[in-house]
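Take a look at the following structure, please.
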């Protein structure tokens, strides 16, 4: 069976929306972070797949994916640091507790 | 340095002087010196203007100066005056001058008060000398904002509400105005030409009629808000009632004239065709203003409200006359601006002085003041008589010019409106005499008032100067009417094109 | 010939006004009064010289030509329309100069005594000077706008003088009423001027009355509601005249105006200002006659009705100044009628001449009556008849002069009123017998109420006076003017008035119309006789019976047929309650309310949408996503 | 590979040098000498600002990955000056007991974000752009959470990082689709290959919302108020002017350069966004009692006005936008400076606390008032001029109705600015903030802000200089 570009795109889109869904519904900050990673990774799949299937002459897509992975790692690091900080402050990491500032 | 720029420079120097002044004496010294310089300067300009004209100088604007300011947009700092601006400059400097005397005993924070007062003057003078739309608009806004603090800090009654309302409504007006100005700017030259903000240059170029139809109402209403155009006038009663004396004077006396002046200088001068087409709508509104303000004034009990509504009526007449779009009526409009400026300033000055003594402005709580303070009483009567159009005082000259001019249209619409507007002279008489009767005549209502004193010397200065000006215009109107009428010729020419 | 000195006639009173008005309090009362009176004496002399010079000028083709010694542009409207200030001397203006300065001088002198010791004496003289100036300016106006200017100025000086006792509420109310009513009438005047000037392109009297039909060419065929536009214009102008001259229904201010000092009533509200309306109609007479004859008829009708109305009311008033006030209204009615029935050429212009003549004689004897009344009021400290009676002994000079005036107004020869009234009646009879009959009846009524007044004051039962306040004759400076005016009233009738003043400027020789003269004298005598019977003793019960019998009529007449109440209703109910208050309410609540509502709704909206900012990061993301998708949808499918 | 390419990146190199020097100084400086850290940092950064002040010829490095245009010098200088002002205002905060040991980090993190912005602006390729964007935003989260003992600060950090990642994920998704449809990441090539097919437009929208997040355009603004309120005041100031300013400029250049083919679409989108942003932000702002939150909404509405400069798509728009950002920066920093110094001294940030401030601290009140007036667009303050020009820019393309709506909104905004003025000047107070003397750094920065507020408009040279380097589509 031939694996076509569409398959990758479908997968990546599903990942993206799964990530978004997770982001919006998860209660735990870490779960939310994981969801964000899903979103970022879907993008990486996109880049790689486009590069492989449509524009195999250059490596732009791959490189972009690489950089994106690096950046997302950095983001996660910072996010986790902040999460820890939150835990130190309020002793839990429930997202809905982060609402002292509103309206 | 052009002569006219001094009008902006002197108040700025006054700001500086005030900043450094210590104590009430120095503050007064700065203010009196500055205001006198301004007054002197305005008469120098007047003299210069008249002699230039007498010498046959027929340029549209005199004493022009022009400096490139924002080259990318072709914005200049451009000044120049014609007869109308000269008249307005004299009015402004007179009122600034008398305003200083009327707020001689300012308390608290006199320094701050006068700082804002000077800033206000910067705006006012700058506006009248500008012939560049941008500069004009800038000065216009400069004049608006100090009002907020002047009323909010030093006012009385519902001052915060009034100050906010006034500021926001006027800003609303200037919002419309700014769109209008931008529209004019981007149609100031044919496609591919260099756009310009210079009024004289824009007038050379015929704006497309479509654009005129769009921007004339915006510009007119924008300025009209400040000119108390019905139904955008409601800032005026509350604002005037809450403002401190000299601010009311300056605001009703000069600032409201910015509206009329702008309507005429920008809206009508630059968009004559749309003015012809759309004037009827605004004529209706201003016609309503005239009568409506007068009727409203009839039943007010607060002196300042009476005068504020009377201002709505009189300023309505200014816009009304401007919209009549002929030379006589417009001359009348400018004279009405002058006249209303002077007499309303006089009114507010006197009201402030009376209020300062009786601590009430409710006419039901006062009576028989003529006997107690004859000077102020007589002043009030004279102001009242000027307001109801007594010949020999300025109001008559202005109103008659307006009425005769307005009547020169040969269609029923304009005629009927003119007749409606003329009825205001009767209603004006009703409310003026009502106030005079209740306030000054009759017996003393409040026995505590018997101990009150008449005007002090500085109050007398303010009152006498204003009365003198009112009488001067009323007795010898020809030169000023000719000066104004002559300057209107280009506008009328535009309209006839 | 040059008569530039006529300018002084105007300037001197003005200067006096400024002097007394600005620094009057620096002078003692006496000095101020003397300055005022002295200046006025000079002015009067100047007026006489002017009159002498003018009337001794040769006629041109039998016509007295006007002289304009001064005319300058005061205010420029358009190239055609401009207000000039100037002096126009022609027969009627010169005649008016004489009348005004004479009466004014008498009043000035008289006031020296009458107003002695009043607070604001200087102010009083300042206002008198202002009035004199304005009135003189009015009569010498060269154009209709100048008339309007001075018209307003006399209005305001009248306002100031009526309200002279400004601590008295009635005086304040009366002054206000006078001003507003006349102002309302002036609105008509102003609109009339606007109309007239628009269609004729001029304000100038010379152009308007030149008889040149081309002046009115523009108005040809322009009609409005069936009347020609010129007719409308002059009818509107007549409304102004009616207001000033207290024609029905705009007369209501005049009786109240008696709240002012009595000499003021004599000067302004009897002799001079109130005849300004008559004067203006006379001034524009050719316009009325040639362009709007229907308006002339209207003037005659209004005049006659007013005259009748006022005469009836005068019969039952008890305040002597009010009686005189209504008498004034009635007499002005006579003048108006005379103008209304007049023609233009030659003898047809009799009415015009008679009107002016009556104006002249009336000014003298009515001033005399008022000044006399002033002396009486001065003596008894009241206006009411019931506090008077039997004064002929205490006040012989006043009595005598008053009697002369009463005879004059009643039209008994050889006093002046006889001649002028007789000519009016003759003109009326020529116009229509009905008119003549009515006017004769009014003349009889006049004689009746004047003698009712006379007997009630000087005969009848003497009222009881507090000891120490016995009535006494007025001082010399008050009686001398009385005597002078009485003398004039005696002889003025013999002036060949038609020789000086006539509608077409030609000399008009008049002669007594035997039948008319005899009838009127007889009627007057009968009326006087009735009055004598009824009121001489003051004990005759018939008047009371009559009043009881015709209770309704008497009461209505006493209340001046409720015209004032009607006005009260209109102004207070309709204007204040149903126009002004709703407008003020509308302004506060609807217009202001709309703005406040706008502010309020912004606040509400702000509260309503605050849930958007819930503080929940996930909701933010949700909104974020939603926003993105909405944009995508909108961009792709809209 | 030609390593001399690196030398073309003068500004970035200079900035990196400053960062490294500061890092080393922080690490190895003696405790005694570290007392002057603030001074040294400001001086060093000031030097950098001077270096960056002079434009040089346009260059392209790394095959078009890095692009320099003289306009960038102006924008970078504006950002530099702004950052310098923030540094000076941060003095009191940084010297406070809890923060003093971490002040080196503050500088390093701040400068990292600045570096990211530099790259973002100079990018000629989506890759560099993306890296710059992330470099600018990740340290920002740590800055927001800088006051680590404060719950609000931590919350702000969390909200910022989560929102930022979410936004950049969507944005990246958009970029990936753009890549998929055009086959390239270079701006110039993408620009040519954008045809306006639905997929591209969708991709563009995803990309755009990522940028809108940074600029805080409604409805992508919701993080703004919370983060502004929670973050340390100086960070908020930085966030509101520098971060926003750079993002706006980048957005504009990308829209001009890359998406010129679908100008109709993005103008339409911006049209709607401007209206929604200004209106909603103003409506929120009128109720705010916390001044930081208040300024957050004010800055959102200002962002709406800034977009008016983008929408016109011509050189006038760019000039006006850059000028607007400059003026907005000095005005906003003036306001934040006052809030910051008062918060540090008294801990008060509520509007009611400011009642009667003029009586006790007249100069601070005046600075605040002038700044707010400038933000409201009142002459003679610079804000008037910048607003005028931005409206002129929009009007130049015929967006009169948009301008009118924006202008009517200025009434609303004037209302809430006046509320603050009213509190300071009119409202009486039982317990006004006691008079105090602010430190010299703050003073200098406030004076500089006021100089900007007063002079930037009146001295037309600034505007003219900007206009020399502006370009349109």
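Order as written gives the chain letters A, B, C and D; numbering starts at 1 within each chain.
Note that in this section a contact is a pair of C-beta atoms (placed from the backbone, for glycine too) under 8 Å apart; a residue touches a chain by one contact, two chains touch by 3 or more.
Bear in mind that the values here come from a model prediction, so they are computed numbers and not experimental data.
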Between C-D and A-C, the pair joined by more C-beta contacts: C-D
Closest chain to the protein's overall Cα mean, using per-chain Cα means, please. B
Expressed in whole Å, how far the mean CA point of chain A lies from that of chain C is 97
Express in whole angstrom the distance between the two chain centres, defined as the mean CA positions of chain A and chain B. 65
Distance between the centres, which are taken as Cα means, of chain D and chain C, whole angstrom: 78
Computed distance of Cα centres, chain D from chain A, in Å: 27
What are the residues of chain D that contact at least two other chains? 158-159, 162, 166, 170, 225-226, 287
Touching at least two other chains at once: which residues of chain A meet that condition? 20, 23, 32, 98, 100-103
Full set of chain pairs in contact is A-C, A-D, B-C, B-D, C-D
Would you mind writing out the residues of chain B in touch with chain C in their complex? 165, 169, 231, 233-234, 237-238, 292, 295-296, 298-300, 309, 327-328, 368, 370-371, 385, 388-392, 396-397, 400-401, 403-405, 407-408, 410, 418-419, 422-423, 425-426, 429-430, 433-434, 437, 440-443, 477-478, 481-482, 485
In the complex, chain A residues that touch chain C: 20, 23-26, 32, 95-96, 98-103
Interface residues, chain D side, partner chain B - complex: 316, 319, 373, 378-380, 384, 388-389, 391-392, 395-396, 398, 400, 403-404, 407-408, 410-411, 414-415, 418, 421-422, 425-426, 460, 463-464, 467
Residues of chain B that touch chain D when the two form their complex: 69-73, 75, 134, 137-139, 141-142, 145, 148-149, 152-153, 159-160, 164, 167-168, 171-172, 175-176, 178-179, 182-183, 185-186, 214, 218
Which stretch or stretches of chain D touch chain C in the complex? 158-159, 162-163, 166-167, 170, 198, 201-202, 205-206, 208-209, 213, 219-220, 222-223, 225-226, 265, 268-269, 272, 280, 283-284, 286-287, 412
